[in-house]
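One chain, chain A, appears in both complexes that follow, with chain B as partner in the first and chain C in the second.
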Partner chain A sequence: MMMILTSIPPKDEFFKTIIYLLDTYGSFFIRGVLITLLLSVVGTVGGFILSLFLTIIRNQDIDYKRDSWFEIAIKKLGIGFTKVYITVFRGTPMIVQAMIFYYGIAPLRLSFWNPLVAGLVVVTLNTTAYIAEVIRSGINGIDKGQMEAARSLGFSKRQSMFKVIFPQAIKNSLPAIGNEFIVNLKDTAVLSVIGVFDLFKATQSATSSNYRPVEGFFIAAVIYLILTFITSKLVDHLEHKKVKVVNVNA
Partner chain B sequence: MKRVGLVLLVLLFGVTLFACQSEDQFDLDEKTSIVVGLEAAYAPFNWATPTQNEFTVSITGQAGFYADGYDVVMAQRIADALGLNLVIKAYGWDGLIPALNAGEIDLIIAGMSPTAERALTVNFSEEYYRSEQVMVVRVDGSYADATSITDFSGAKVVAQAGTLQDDLIDQITGVIHQETLNSYSDLVNALAYGTSDAFVAELPVATSIVQTNSQFMIIQFGEGLGFEVSDEDIMVSVAMRLEDLNLLDAVNEALSGITNLERQQIMQDALLRQPQE
Partner chain C sequence: MLMPEVILEIKNIHKKFDDQVVLNGINLDIHEQEVVSIIGSSGSGKTTLLRCLNLLNEPDDGHILFLGEDLMDPKVNLDHLRMRMGMVFQSFNLFNHQTVMDNCIMAPISLLKMKKEEAIQKAQILLEKVGMKRFEQVPVTQLSGGQKQRVAIARALMMNPKIMLFDEPTSALDPEMVGEVLSVIKDLAKEGMTMVIVTHEMDFAKEVSNRIIFMDQGVIAESGTPNELFKNPKEERTKAFLKRYAHERLI
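So, the complex of A and B:
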């Protein structure tokens, strides 16, 4: 029988151990990074899109004179839902949401349901709540005069919202949304609890037979830092650009 | 408002009933594969590796990740005896029993001891390995000469969360029973950096850890000097859903075909396949 005899550097050889881990488990780290990026990108982009719906629902105006009782009921229900949604998803840890979603839905035996899908759903729903709040403060930050000006130019309330207020609010919110992406890069590590093979879990696997967690997670830390550093530079760049555009418009 | 409450209640009941709907027994004739859950982080029972060999099985959903170890070899033997394809899925320790009861996996083969508490929610097979409980300490530490668990009076001792080993710590009088940690990597860290003086482990796991950490050593206890343990505590068994009684019989039959000698050999080989310092 063929024996696979591998040797790892002694415990006190920190950098040799790091090279050993990178050399032996490079494929683990690469795959972990890809999954972490996938979770963060899908979570942030999906969260952004869903949060737009939330924002639209939440900013409905109830006109007690003109709306029928049915319209009023639907609108109230919608507004109530967004409030509950945001409170629940911002008020509970993502690790708790992951446990409830993954193990709660698993007994339905859906063929597509696996840890990664559950992770993508949870990170998206979670980010939706945060970005919805970001956009809300973006809307609050728009001067009242913008709405008044739009209305005086003959825009309807809805038109003013969609054509004047939202675009500015979203543009102002972009840096904060970029920050959500950075947060997601780091916080998706908790999804390893349901078996998502992100960078954290991949690192755990890489040290599963050699018990060298410090060296392994040192590598993970450097990778996380590189990812967040690049992203924060991109966000800075975006912010800078935004200021320019506003200046031109002004 | 009352009516809304009633509707919600009915809906909740419906969902609960649906969720609790008892599945039929595992169909040995219909099924073509059996899904085994493990941590892939509990060497030498199970660990993850990027390199394939004749013992490894790929971890489902994680391309490029292979599971290896004593559990994987045993899982393969059981699957072969049942005439089923072996599928391996990896979960965190605390996720294994929920995954089993949610139907995500059919068997847990993860070095799990059949404690009475766990037996309330899952069925356990006959033992597939028998081990002894030992302490791992630093070679240069003050507990290197310990021979009895009473020598650990005043020591900071730690174990993995939710394990038998954690319960055993309380048998040491005067011990500083530390907050549990999540994995054996964490235990190794705690010991290496002096946060703890010792941790409790079963012998094969301890052997595997000492193999990769020459600064550590194992303290084995003589008759009457070690932990008081019941049979169920030193055995590891295959766990399955309570309703899968036919599977229980089949697994037990498969296990009875593997002699004690073979088991020791499989464990020995698994230890050798791990990286050595």
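So, the complex of A and C:
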């Protein structure tokens, strides 16, 4: 009996193999899940915050009559930067971004630079670009009378953005931002390419010496599914809350 | 007779949208406590003129002097001047994420540095005046059009404006709600508020205004007291417009 528990079951024993993997490599899977969650949470929250900065820069109006040439130059530079940023990060695979960042910065021999830090940076920068687009469409969905009313009261363009436009645009964008979190749960698997010990990498490690990838990744699939399922239920709940407000108003 | 002080002086403003000339040299003085209504068919430029007065639309040329400062001067603090000009929009434009009360107090608290308690007190007085006090905690999205417009008027009044600009304030309302909004505006007129009103409500304009401006094709075609303009129009196009309007009303 002792022998069966500690040694690997035969190839055709699918479920026994799964139990064996969980029993032997449980700590791998737990650590992998935690890293995947960390990447997704930091990526989505960090991406959300950075995307607000990006949105503010991108939404600046150039007033050729009132701005100095210096202000105009700075604004143009900023707007150009946001456009390039979003195009580049949405237009290239995150796996490629990870390679360039990790190996590009590694030669600087920064003491804090390791695969996990590189992974956190890449997922955050990548998510920033996507959420910036989400917020942009949220802003486009706000009636332009809202901005005009704020300006007519004496709010500056920036004050109007912060006090009137953002609160509404972000509220409308919350479900889509939740979806970005779900995407991150799954897509951070590619960060294993630079050695981040996420759920994908953990599963690879757990199955490399015994060569049982199907059983191992079956476990990973179930865990990913549980994570995304719970999150999508939470997002649905958020969306429902929004719909409910609208119904009360009608 | 001593003329009251001019608070808004519009000098020769021009405005084009692309190649379309919308305002073609408008001159107009608005005196303190005066109520001026702008009428004219759609496309005559009346809404654009009103929106030029606080530079929501920026004229291509001309000057707009308000409280001694030229809004068209690039060095002038436009936001600061706008605080003294209230505006009421056709589509209300209340801040949809807020309650009635928050709509009223946000601007005075953050722009005039009014204390919150003071702002709430003032808002309660103004909401009482427009008959919306019992709705103060209601999200604005739950209000009817007429209620929204009355809150919008209270919100503008919170800033103690020297002048109020009304852009077709009843055009988006169901007919049964027009009266409640017009009566609020009439009350303001009685209190001596300086107002410029773009409107299609001829009877209201006749009743509330000191002066009527008739606009046609980007210029002021005729202006005068309600009596002069409605009873004795001089210009052919004014006559045609009024006739068309009277005819439409009979149908």
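General remarks:
Just so we're on the same page, the second predicted complex is superposed on the first by the 234 of 250 C-alpha atoms of A that agree within 3 Å, B and C clash if a C-alpha of one lies under 4 Å from a C-alpha of the other, contacts with A are read in each partner's own complex, and residues count from 1 in each chain.
Just so we're on the same page, a residue touches a chain if its C-beta (ideal position, glycine included) is under 8 Å from a C-beta of that chain, and two chains touch if they have at least 3 such contacts.
Keep in mind it's a predicted model, so treat the numbers as computed, not measured.
Looking at the shared chain after the overlay, A:Pro115 reaches chain B, while chain C stays out of its contact range.
Applying the stated contact rule after C-alpha superposition, one finds that A:Phe28 touches chain B and leaves chain C untouched. Of the two partner chains placed around the shared chain by superposition, chain C is the only one that A:Pro167 touches, whereas chain B remains out of contact. The larger set of touched chain A residues comes from B, when the choice is between chain B and chain C.
By the touch criterion defined above, A:Glu148 reaches chain C but does not reach chain B. Of the two partner chains, chain B is the only one touched by A:Tyr211; chain C is not.
Chain B makes touch with chain A in their complex at residues 18-19, 40-43, 47-51, 53-54, 61-65, 68-69, 89-92, 94-95, 98-99, 102-104, 183-186, 188-189, 192, 208-209, 212-215, 269, 272-277. Residues 54, 56, 58, 74, 78-80, 82-83, 85-87, 89, 91-97, 106-107, 110-111, 139, 141-142, 152, 155-156, 159 of chain C touch chain A in their complex.
The part of chain A that touches chain B in the complex is made up of residues 1-11, 24-28, 31, 103-104, 106-109, 114-116, 192-195, 197, 204-214, 216. Those residues of chain A that touch chain C in the complex are listed here as 65-66, 143, 145-146, 148-156, 159, 163-164, 167-168, 171, 245-246, 248-249.
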